[in-house]
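What follows are several structures.
What follows is a pair of complexes built around chain A, which joins chain B in one and chain C in the other.
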Partner chain A sequence: MGRVDVTMEVCGMAGDGTIAAGGLLNEAMSAGGFSVLGFDSYPAEIRGFGRCVTRSRVGTERILALVDKTNVLISLDDVQSHSRVPYLAWDAAVFFDSNPPVYVEEEMSLAARVEPGATLFAFPMADLAAAAAGTMRGRNLTALGGFAAAFSVPRDLFIEVIAKKFKAKGSRVLDANIKSFDAGYAYGLEHFSDRLRDTLKPPPGIKTGPEKVMLSGNLAIGRGALDAGLKLYFGYPITPATPIMEYLAARLPEKGGRVVQMEDEISSVGAVLGGFYAGARSMTATSGPGFALMTELITHGVMAEIPAVILNAQRGGPSTGLPTKTEQSDLHAAVFGGPGDSPRIVIAPTDVEECYRHTVMSFQLAEKYQTPVIVLTDFYLDNRVENLPMPQATESEIADANEYPDESVRGAYKRYLMTDSGISPRSIPGTEGFTFSATGLEHVEKGTPNYTEDNHMSMTEKRHRKIAGALEDLPAPVEYSRGGPLDVGVIGWGSTFGAILEAVNIANERGLNVGALKITSIFPFHGGVIRAFMNRCSEVLIPELNYEGQLANLIDHLHHKDVVRLSRATGVPISPSLILKEIETLALAGA
Partner chain B sequence: MAGDHVVIIGNGPAANEAAMTLRERAPEFRVTIVGREHVRQYKPHLLPALVAGKITEEDLFVRSIAFYQHAGIKLRLGQEVVDVDFDTRRIILAHKEVLRFDGLIIATGGKPRIPEPLLVFQDVMMTLKTLTDARSWIDKLARVDCVLIVGGDLTSVAFAKTLVSLGKTVKFMVDEHGFWPLHLGDETRQEVARRLASGGMELVPCRKLRGLARLSADEIRVETDCGRYTVGAVGAFFGLVPDVRFLVRSGLYIEKGVIVDENLMTRYDGVYAAGDCAQVYHPTLRDYWVSIGYRNAENLGRIAALNLIGGKVRAETAPESIFHVDGVDIPTSWWAEI
Partner chain C sequence: MKTSARDLARKVQGIGEAKTFEVRSSELPTWCPGCGYFGIHHGMNDCIRKLGIPLHKVVTVSGIGCAGRYPFFTKTYGLHTVHGRAVPVATGVKLANPELTVYAVGGDGDGLAIGGGHLPHVCRRDVDINYVLFDNSIYGLTKGQPSPSSPQGMKSKASPMGTTDKPLNPTLLALSYGASFVARLFAGDKKMISDVLLEGTKHRGFALFHIYSTCVTFDKSYKTWENLKKWIHPLPETHDPTDLRQAFDRVLEDDWSVGVIFKREQPE
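What follows is the complex of A and B.
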């Protein structure tokens, strides 16, 4: 078997077990040794209606992004699946129930809509599940069984992950689910004569390297916070950040920490500042609307020089916007939001592993630079799952990064001591002789309010100097190219970068001379590195998921000519093919 | 009428010719082809060459999918019709979909004929009617060296030669049902047998197949009236019979195939049958006949479509032709009594 690259979808109505089926599919493929990237889409409303879709891309090479076309559709609700038909590859495989409760007219039939190149696998999912397990509820498992048979996925891979998922629910539930799966599997083996032989049978030797786990961006963030020594989490539920709080609510108490659901986002960030003020690593996670409420207190953290870790899981905006859609449109708010000149650190991971590493990193950055650190993710990155070796943080990565005052200054301690770096040693409140004055008013070195012209100027300079100095601890941009002059350079951030890298790789395979630059330090940013990259490029392209081109706005002054913006406000992840098309257009125009 | 929906059941030469004729002569109609196989129309007579590895699957196909899309013909492949209600003009598909039609052409073609005494061995024998069959043969031939061909029909000789070219040992048994629907005289039969033997095949001098037993996945024991053999696979080649079982309770007149008049119309207005599945009244002969062969099927498909849109074209017998069996010429009208 050669290179495998298959995109699969499970689609159903909320309550059909769609997300569960997609999760099991991902786990089984991962257990088979494939690289997996999955992403779920579900309605904003609570259970009961609305479409759920899980998309998974599976391959023998590392999967960087989701692509436009779906090769396999497993339909648990044909009416809901209609919307997926335009995304099917011309030769897709479509699994659907051949015995729905009622006859359907042509207009409502999934089979009537698919293109003729598709292979249809119609089988009585609900009937098989009912006959095998006494209930139709397991028909999502039956559907997976049929899929496994058609694609020659070993049964054991699925049984293993089904057991892992359901064993805690008791043997009755587990048996019912295995029976439901087996019913579909046996049916498929017997009836799917046109099955796609060996297509997803793990090739020998594919399972190499350390054992992989399936992690979502949100789980990686939660795990990273735990490993970094988080003590206090304060939050208010909001999509797509809520799973972080759910995860920590279950796990943080085991480590002696606390999760507190606050009355709103303002109190959440206030409590985070209070926690860090007292010396405990604290964080909150929210999304755009909640972040907007936090901005005043974030600037309080800037002014009072109190650390905070704030995760903004971006979603479609403005306002309540598109709660279950993705967007990268809070960059301006994260970097500039709030009153006054209030520099803060903003970082943005680009994949699930970086969600872990940047969360770990954020605590040290917050402590060392005594400032709010904003971690920018987005719905797509938070909810997508990737299989990867479980990331681990080293001792030095989680060590206390506070710079404490020297004993010699006891009694003469100046909380906002003017230093070259802008970093003033920070005491723990309540320590005798080290009075910690925390105020949102402009202040002098001792912390007492002062509104004089020179003082405000010098204190503002101090705070900016401090944040500019953080560059030495922030990840530098990473370039992916052959080096030298480039026809097109593509700069990206956040969840979009995977699609950028895949597009750039394909462009180079097609003989173009293209490079990519990944930026994870959004503010402050490595202007010199970015400028040097831009200057080697005939054209600079910046794809991002917002309308205004917010990263482009931040860095385009570094280039001698206008950058090309590929700004998309569609609520869905950008595809490599779209970026590739733009790259090819630019390369052709410059040739 | 503009916007009328014509459904064509089947995806062979008759069905496709009917669709093309409709598209050409009645572009205002909505045309849907419903085919049971997952693939678009292909040339079945090239299946032996596919098995031999001389051509690819792509070489089999008659038209691209894009052609149908551009022509505005809806291709619904891998979808099976299980019933037709002619009173309400509704087709029921296996996945419980209701497909409504204004006009209907039944062109389901034929399916491999297994003589009744041999039906008990059906699961042990392989056929070569569809692309799926060909893929199964390709799989099987990767594992077995000896194949028994039983019967004999238009496809079997080409296929047996394919097997010989692949280095397989081929036993050919022209049993009592062989070369149906042609009636070979003893002299012709002997001549055919001699030619087959000279082509590298081992002729099994028996007339009756008495037993087939699967010893393992790739081993079959064969019992005949003149001895026992062990082979890797058994191919059954007894010609085709109309594939109309799904219509037996529909109210259509069905004998062997769908009974139609000389204009290919069934007892229901706007419902026609064409190709190998149609049993056509011949006013001169005053009897019903079934056609065989790709060209006849295309001709009947075209006639059915023309009549569906108001024509009055009679289905005529094709001119006499010669059936070549490895160099032996057998005159036939290409129409056969069933």
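What follows is the complex of A and C.
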């Protein structure tokens, strides 16, 4: 089976159907058995003449990251697509409308801008759509038809996903869309050279394993919360976390739960604490600015020992920052944010499947350790789509993890009982004989406020002991290497890890001896495992999408020498090639 | 006003005889002797006793301030949260388990300044929680700064030239925000607090109890017992609490009438 690895883009103006075409493209490639990773970009402005770009990478092996160079550009607007030209591979295939609905000056046409190595597929998309369907609205599908013909993608794959997308809109709309697609497909078969034929034809035997679904990080989070038995969701709209609230608003009521859009992020997390205090699994999702507002109540959850699940979908910051750009710069805020010594659990998934698994896990962690659990994702992870078998939580993964007080202490219940583990059995309001008051003031075992020296010291120790103990339930770092001493060890977290792993794989294929370490438990973290890995590496490299090197700041004391930071504050995902270059530089310097 | 230990003991004994220890805890309240909050405490305890529901089915949620300590002084489940957030936290508690009877308690600084942004939304959301607003028009726990309900011109260490901001009227705000049960009460009238709280607790939907109180330590001139007793009077018997227009008129023309100002009958 030949290795396929193609990066494709659809680019157009808002209103051209760009995002819809990109979505269909991903679905069709997934249906063909390819691994798909897609990520759309759009401007923060809702209306206006915004440029829309969908990017997806498809391949026969699992796609870990997006890459710099685009192999296929399907343009629905010449002028908007100019901006994509620098990203094209030298031998890219470029599809564009030879008679676009909006007149383009000759020197502004896409054909005039691309490099000589590119193959141009010019065809009258709008005219073909109009002739076939009576309207040029399906021109984006005509473009896909031309693409499918040129790359020998079976027509059926597209027809199947088009039918799925449009069947709810009635047979007339569906018919028009299929006709539009077919017009482009027929034109392509007749006119396009067969130079590129077969490049995206699904190889035989590629479809193996269970059926795959196209899932974004945000949807995986919403689905994970539903499967984990979420009862209450409180939230406030904020990019890029809003789709989680919208998904749950549609799905949670049918499971007997509720979604309440609150007046701000403070009340959202406050209601989450109230909900969990009264025994209901509750969560909120936000982004940096909203997370900042939540910090005081998060530390209340730490002090009063109340569970909470808070998802922070990071975006560019500080302040309002770059609302539609990606960044990993809230790690400090998640781990350290807020007043006092306030340990809490912070976990960070690295791909769409982990978005599901970590969300599920967060509810049990919150209950068992009676603490706010912060799940850190970012714009890129939330909005990218991957095709994967639908993840499923097991019964034991969603079981009640509360530890309730023993019958023997009825009437003499101490909410903050001092224990070796730091976990004090928690009673739920409504339970007779175990009333207590929870408080954000320092308190004695019974819960009454107390500011004496020894008490504050021992209660602070208890809270830290409890969180440190959570390590046994947190996912350990995962190493990808041949083992033994390594020239370069690359440590990563969050959405960046896919690019790290791809770079490490390529480096090893090129004969270097390097390894990658994936960290998803940000706090508490597995210091022993991380230290042992670092000590086997001549150089440790930590690439992150932030300027300060926030993970590096957290763990660099574990290494006997300075770690090398590859810190990117660009708002866009890091590419494997950039990491690879750094790995090669470090390996050569050490050789 | 000074209270001797013997007076205090006699008082506590008196309260015990009035069966309030069925609801109040053995923790001694941190309020100053003579504080209006004792009266509110008494009225609330009496109401909860008369409600006839077991104490483990009641949750008292508070913010920060002199009123914030309230949960420690009751035998119900308690949740002492952070400054200004009792109302949203209480919302979460109630939605998690609608069988619980939920009280949110807090002062005028907690509920009208730092937490003022939550009042409109809990009113329009009409979650079935009971919000008891202890209004003494001062920040007592931080020793006497002006609050959002302090009179214009109030002099304090934080406002040596007198304040320039106009006071808020929480009763009027709640009416404007569409609250479905609005009552104004007086800390000096425990019986009325108990009766009206009982009615409001049974009301399906959000209920605001705005209770005028004193700060005997830091307010020597405005809401003193002497003044409040002089100013406060019951609503006229003709007042129809189901008539929103009348409720507005009443509150606009008279700051000191107490009783059930407005009550909207709620569907089952």
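Everything below uses one rule, namely that the second predicted complex is superposed on the first by the 580 of 591 C-alpha atoms of A that agree within 3 Å, B and C clash if a C-alpha of one lies under 4 Å from a C-alpha of the other, contacts with A are read in each partner's own complex, and residues count from 1 in each chain.
Everything that follows uses one rule, which is that a contact is a pair of C-beta atoms (placed from the backbone, for glycine too) under 8 Å apart; a residue touches a chain by one contact, two chains touch by 3 or more.
Because the structure is predicted, anything quoted here is derived from the model rather than measured.
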> Do chain B and chain C fit side by side on chain A after the overlay, or clash?
Replying inline: fit
> Does chain B (first) or chain C (second) touch A:440, or do both, or does neither?
Replying inline: second
>> With both complexes overlaid on chain A, does A:273 touch chain B (first), chain C (second), both or neither?
In response: second
> Does chain B (first) or chain C (second) touch A:100, or do both, or does neither?
Replying inline: first
> Looking at chain A, which partner touches more of its residues: chain C or chain B?
Replying inline: C
>> Quick check for you: in the superposed arrangement, does A:116 touch first (chain B), second (chain C), both or neither?
In response: first
>> One more residue to check, A:448. First (chain B), second (chain C), both or neither?
In response: second
> If you stack the two complexes on chain A, which partner ends up touching A:90: first (chain B), second (chain C), both, or neither?
Replying inline: first
>> Looking at chain B versus chain C in the superposed three-chain picture, what is their shortest Cα distance in Å?
In response: 57
> Which chain A residues lie in the overlap of the chain B contact set and the chain C contact set?
Replying inline: none
>> Using the touch definition from the top, list the residues of chain A that touch chain C in their complex.
In response: 231-232, 234, 258, 260, 262-264, 266-268, 270-280, 282, 296-297, 300, 304, 429-441, 447-449
>> Using the touch definition from the top, list the residues of chain C that touch chain A in their complex.
In response: 27, 54-57, 59-61, 69, 71-72, 75-82, 85, 87-97, 99-100, 117-118, 120-121, 125
> Which of the residues in chain A end up touching chain B in this complex?
Replying inline: 90, 96-100, 102-106, 109, 111-112, 115-120, 122, 193-194
> Which residues of chain B touch chain A in the complex?
Replying inline: 38, 40, 65, 68-69, 75-79, 92-100, 132, 136
